[in-house]
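Listed next: structures, encoded as structure tokens.
What follows is a pair of complexes built around chain A, which joins chain B in one and chain C in the other.
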Partner chain A sequence: MMPEPSILLVLALVLPVAGLLLALVAGGRHAGRIALLLTPVGLAVAAAIAVGVVRADEALVYHLGGWAPPLGVALRADGLSAILLLTTAAIIGATGWFARAEFRPAPGQVEGRASLAFWTLLLALWGALNLVFLGNDLFTLFVALELLTFSAVPLVCLDGRAGTIEAALRYLLFALFGSVLYLLGVVLLYGAYGTLDIGLLSDLIQREPIALAAAALMTVGLLAKTALFPLHLWLPPAHAGAPAAASAVLSALVVKASLFLIVRLWFDVMPELMNPTAAQVLGALGAAAILFGGVLALRQARLKMLIAYSTVAQIGYLFLVFPLITRPESVPLAAADLGAELVAISVSTSAWSGGVLQAVSHAFAKAAMFLAAGLIAQRLGHDRIADLGGIGRALPITVLAFGLAGMSLMGLPPSGGFAAKWLLLMATIETGQWWWSLVILGGGLLTGGYLFRVLAPVLAGASEPVTLHAPVARYRELVVLALALCSVLLGFVRLGAFDLVQIGRLTTAGMGLP
Partner chain B sequence: MTLALAVDFGLALLVLAVAGWTIAVRDTFAAVIGFVAYGLLLALIWVRLAAPDVALTEAAIGSGLTGLLLLGAAARLRAIETPATAPGTALRWVAGGLCVLVAAGLAALVLWLPDPAPTLAPMAVAHLPATGLGNPVTGVLVAYRAIDTLLEAVVLLPALIGVWSLASDRCWGGAPILRYPRQDGALTLLAQVLPPFGIILGIYLCWNGADEPGGAFQGGAVLAAMWALILLAGLADAPPVSRRWLRVLLVAGSAVFLAVGLAGIWIAEAFLAYPAGYAKPLILIIEVVLTLSVAVALGLLIAGPPAEDPT
Partner chain C sequence: MIDGTTLFGLCAAALIGFGLFGLIVHPQPLRKILAFNLLGGGVFLLFGVIARRGAGAGLSSDPVPQALVITGLVVAFAATALAVALLLRLAQATGRITLDAAASDAAPTQTQDADS
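Showing the complex of A and B:
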């Protein structure tokens, strides 16, 4: 019997979880080996899911235990899930290879504290992310958020210093606050509609106080986890204090998971409730994040703090998608007026594709930047921006990778970041919301400014000879370069991925319609 | 007013009073005791609301284990605790006002919920024969929504690793230390008398879970509390965290659950499905192993990071 392609969804979930169990039992050197062996398999599974979604031309659905919702729980992968699964597997895999040298037990030691914690938590994190992208039940998604929180927070303080433990504790408090609000919303929705399945819920949900209250609670909770301005306070110390490999995963992937759930909530669970005012508020917070994060990044003295504030800013772009998909005043469209309807659909697709592309290209660029910062800090023994002179000569590949990733963040052609920001700009023009284009362009200038602050001393060379610390293995530099290249090359593949992001999300195609 | 209503009314007032006292009292230990009493009263309320499964969980985890954790934290803080500087009057009013606002908002939302509430309970009961179980709550936990239970068991592992990761590098591989600093006759006596009963209760809760209220998490929590009590009294030592058998015990519950779930792809109709006729024995095996793993994980979470130099 040929198995259904949807069994792949189970595999994507089981693989990291089984890896976590194995790594914890085997311990020592084996923990890292197990993680590194599993990542290519996971990448293949994610690719197979993407192929399956394209072939089927609809979302893949799997009923766990054979129980159909509402009693049972379904896993579901649409085009967006497939893209994010692939991104996650690629970045976890690359980060794993990068971290191999850093997180192995010291010579003569059977097992190290940071080593065991890093590899097991990385696997747990991967499983949690996959469940976030596949879960189709609001409570199962809560479990995914729990798994994500408890595997992400300890990664922040792996070095055991008091400062990073404080940052981790603050992250934990914000994340748990978010979890509580999310769970409260889930409880209200179950109380009101008697189901937690996203598909069934979207049929039942109505514009009434209870649904709006649930949506507001869940959104605020998830915003705290996504670190959208002004709930970003926990992010810079946490992401900057973590070891480079952990920072890369946290900044590239973890903050996007809660954002993905906001998208699921607004576009899949309650598309009818999507309120133009709420969308404008989310967009305004995003705009504030872009400008505020950019200005603060300009003022940082340390490289990792600068990159962390850049994450605050780049998350802002993703929230511009909300106002750009729902127009401020919904133009009444007659059903017979086919031309107008087509315009409405194209409006939503460019904002939508731009948002997805921004999420993915930022993920690759930010992972590359944090890893590059880690190598620079290792070589120089510090990451003070003012004293980076001469590092371009010592680590040319790393600096090149940093520059390429920066190109994508700034939105210079032909990078993925350029294509993303271009699509968002198109959407501002198509929907007649010119004010957002000022934010996008201003954010690009700020990004250029803070990256110039880093690259200028790096390329200028040192006025006095620099003292270099531990050398860096060549393959680690190549991993960083590969991530940066992915971020740039995404600018070329966007046409191919264009169809994939739309599969399985028919509701978004009608978002522009009243 | 009927007698039942009077009891409920009294219970509600008592909960409010204990909650107020827990906030108002200045001594940390007294506040923790208040919190434990508050949890037990909440459990009684759940019983009154005909939700015995929730009541058991609230008593075992919400009150028992969390109370132990808070007691441990209070004991550690005592050494460095300074007389608390009370926040200013304005701040207290603002905090109090916000609390009232949140409580009122929640109350309004609860009143807004449709009556009768839409529920999946009849459907959960109707499909129960296929699982061979007698308790619909267990049906939800290990059959209909098995994925949630499996992953909640898995969540304990990163949480524990997170706690362990706070150890100093020197102590890695060593044992956690959870001994009450002073030898205390009453504590020793309690740790000698209570565990036999507690262990029987834990096993009963697990065994009984298939047909009556109870289950792996409640049973595991009771077992963990008994273990922690023995450790606190210094009657036994915690095992070093590097022991292979300890790691196996930790993951066994999730691993068996996962293995049965995967086997379901071939011997039943789907991942996490049970083959017809074998559902109940398989579920019992899962529950037993899961109880053990949950007990070990929760006990180690209370015991804290390894603190003993292994050499």
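Showing the complex of A and C:
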């Protein structure tokens, strides 16, 4: 007998896809209306899933057509999925409201190409993200990743300018490289174990060359999609060139989807393969991303490019979770020498919740920042950082939202970013890996530096009168402020979320959680 | 004596190697797209080999990988179509079919000037 709330998992997938088909058929002004009507429903479904997970105190599972794996395909929502579903629904909804003014057919026009494309792609993106968070089968996840790529790439070049088409093409080529490596790993795993269901695989998988090769291929493929340094080259032009609403969802959500799959792969599918050396390598790449992204962000002349490089840096923090979460009982280097022997791994819970909190608070903060940059660019007609003087007077709410979001990125208390970085710092001390704390603190300084570069001219006032362009509707400013406030307020809810992220983790028992 | 399954397995490995090499080494997008297809072909052939090796219960091959290959083919076809369409638009807009790293970093910023 299946638990009743599991039907919600199907609903979370059906809603965006049905909306997408309806929007495509109805077209015109209806496309936007359908999307905006669906977002509150989707948010309610995501909230219901989260409540269901907390009530059941275990993951919700739905077997498609009543066929259990290995014959059938399962959907599964654990605590982490539930949190990410909620985040996704909230950010898609807010972005939709923000974009309402931007993407509607011009007055007197029945159909706008950009508007129809934007709304259908936004719904497709939402559906694909939900499938990534709910899929419990490596091939389903491959399809979800591809759907995500196909809806994200056209969003980059919605305006059809040569520069954005080029950015979209580069993004697509990186993404295809990533997905084909992922698929190759899937083939090898199927060949070795005859199943792709995550639950079954985690029981069967052993530390042997074919599983290690598959893990390496899939990880590298997913890293290319997550834009971890040094595979980040596609991200800044793509995220900076897209329209503000599209940049917000791309930076806040899309890069997190492939990261989520890396987490699934390492902690759910193959916890036995977790190797301290590999975890240190991932952490080192994350550290390089933090420093490199931060320094490059300092050097940008354009606001949107600066925010895009800040995404490169913030992704780095998420990869620090890998070395921090796996503390071998012995010293890391000695454990690596033992080679194939299973290392008793104890999980640092503060690293795990710190990572989740960083992912969610960055999602809200970055969405707020990109939308704020969009409003500033609309009001000023440009986004040159040097000439931002006086915008603080013209758009006070937007600038406040930008500052609040920046506070969260920097990790100032009491924001969500502070709580996340604090938990990560605690984990560095708990696990005795002090060198990562230097990176976390240095990254915070760099973040402070590049945000100061933006906020100093914004708050200083203009030396000469600023010429203002199109006015900005008040509700769009409030949407941005709401997103920024979410990212700050997350700092207060960390204790509640702490339990939720642990629910339904396959590895909880095996890894001896404290 | 080398049997059919091994031979096809080796072919798949070779295709994957060529495809990966082409995807990483060639700077032109069109060649990258072709290399991606070569690589995809290798992966799908590997699926076929695994279907043959994993056959049980008196079947000549395991049907699951074949079903996966069909889905994979559709995805690869759609990806190729999208990439070629983007490349065509790029050629129409700029008259070139290369991705110039220096130009593209500047591109979004230059065009935002044009908006203002």
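FYI, the second predicted complex is superposed on the first by the 483 of 514 C-alpha atoms of A that agree within 3 Å, B and C clash if a C-alpha of one lies under 4 Å from a C-alpha of the other, contacts with A are read in each partner's own complex, and residues count from 1 in each chain.
The definition used in the following text is that contacts are C-beta pairs under 8 Å (C-beta built on N, C-alpha and C of every residue); 3 or more make two chains touch, one makes a residue touch a chain.
Values in this document were obtained by computation on a predicted structure and should not be read as measured data.
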| item | value |
| --- | --- |
| Partner chain in contact with A:Ala48 - chain B first, chain C second, else both or neither | neither |
| First (chain B), second (chain C), both or neither touched by A:Ala56 | neither |
| First, second, both or neither for A:Ala377, with chain B first and chain C second | second |
| Which superposed partner A:Glu146 touches (first chain B, second chain C, both, neither) | both |
| Which of chain B and chain C A:Val25 touches, first, second, both or neither | first |
| First, second, both or neither for A:Ala162, with chain B first and chain C second | second |
| Which superposed partner A:Leu291 touches (first chain B, second chain C, both, neither) | neither |
| Partner chain in contact with A:Arg170 - chain B first, chain C second, else both or neither | second |
| Partner chain(s) touched by A:Gly112 [first = chain B, second = chain C, both, neither] | first |
| Common interface positions of chain A, toward chain B and toward chain C | 139, 143, 146, 150, 153-154, 157, 160, 165, 184, 191, 194 |
| Residue numbers on chain A that touch chain B, as the complex places them | 3, 7, 10, 14, 17-18, 20-21, 24-25, 27, 62-67, 70-73, 110-114, 116-117, 120-121, 124, 127, 131, 139-140, 143-144, 146-147, 150-151, 153-154, 157-158, 160, 165, 184, 188, 191-195, 209-210, 213 |
| Touching residues on chain A, where the partner in the complex is chain C | 139, 142-143, 146, 149-150, 153-154, 157, 160-170, 172-173, 176-177, 179-180, 183-184, 187, 190-191, 194, 233, 236-237, 240-241, 301-302, 304-305, 377, 380-383, 469 |
| Contact footprint of chain A on chain C as seen in their complex | 16, 19, 23, 29, 32-33, 36, 39-40, 43, 46-47, 50, 53-54, 62, 64-65, 68, 71-72, 75, 78-79, 82-83, 86-87, 89-90, 93-94, 99, 101, 103-113, 115-116 |
| Residue numbers on chain B that touch chain A, as the complex places them | 105-106, 109-110, 112-114, 117-120, 123-124, 127, 143-148, 151-152, 154-155, 157-159, 161-162, 164-169, 172-173, 242, 244, 247-248, 250-251, 254-255, 258, 262, 264-265, 268-274 |
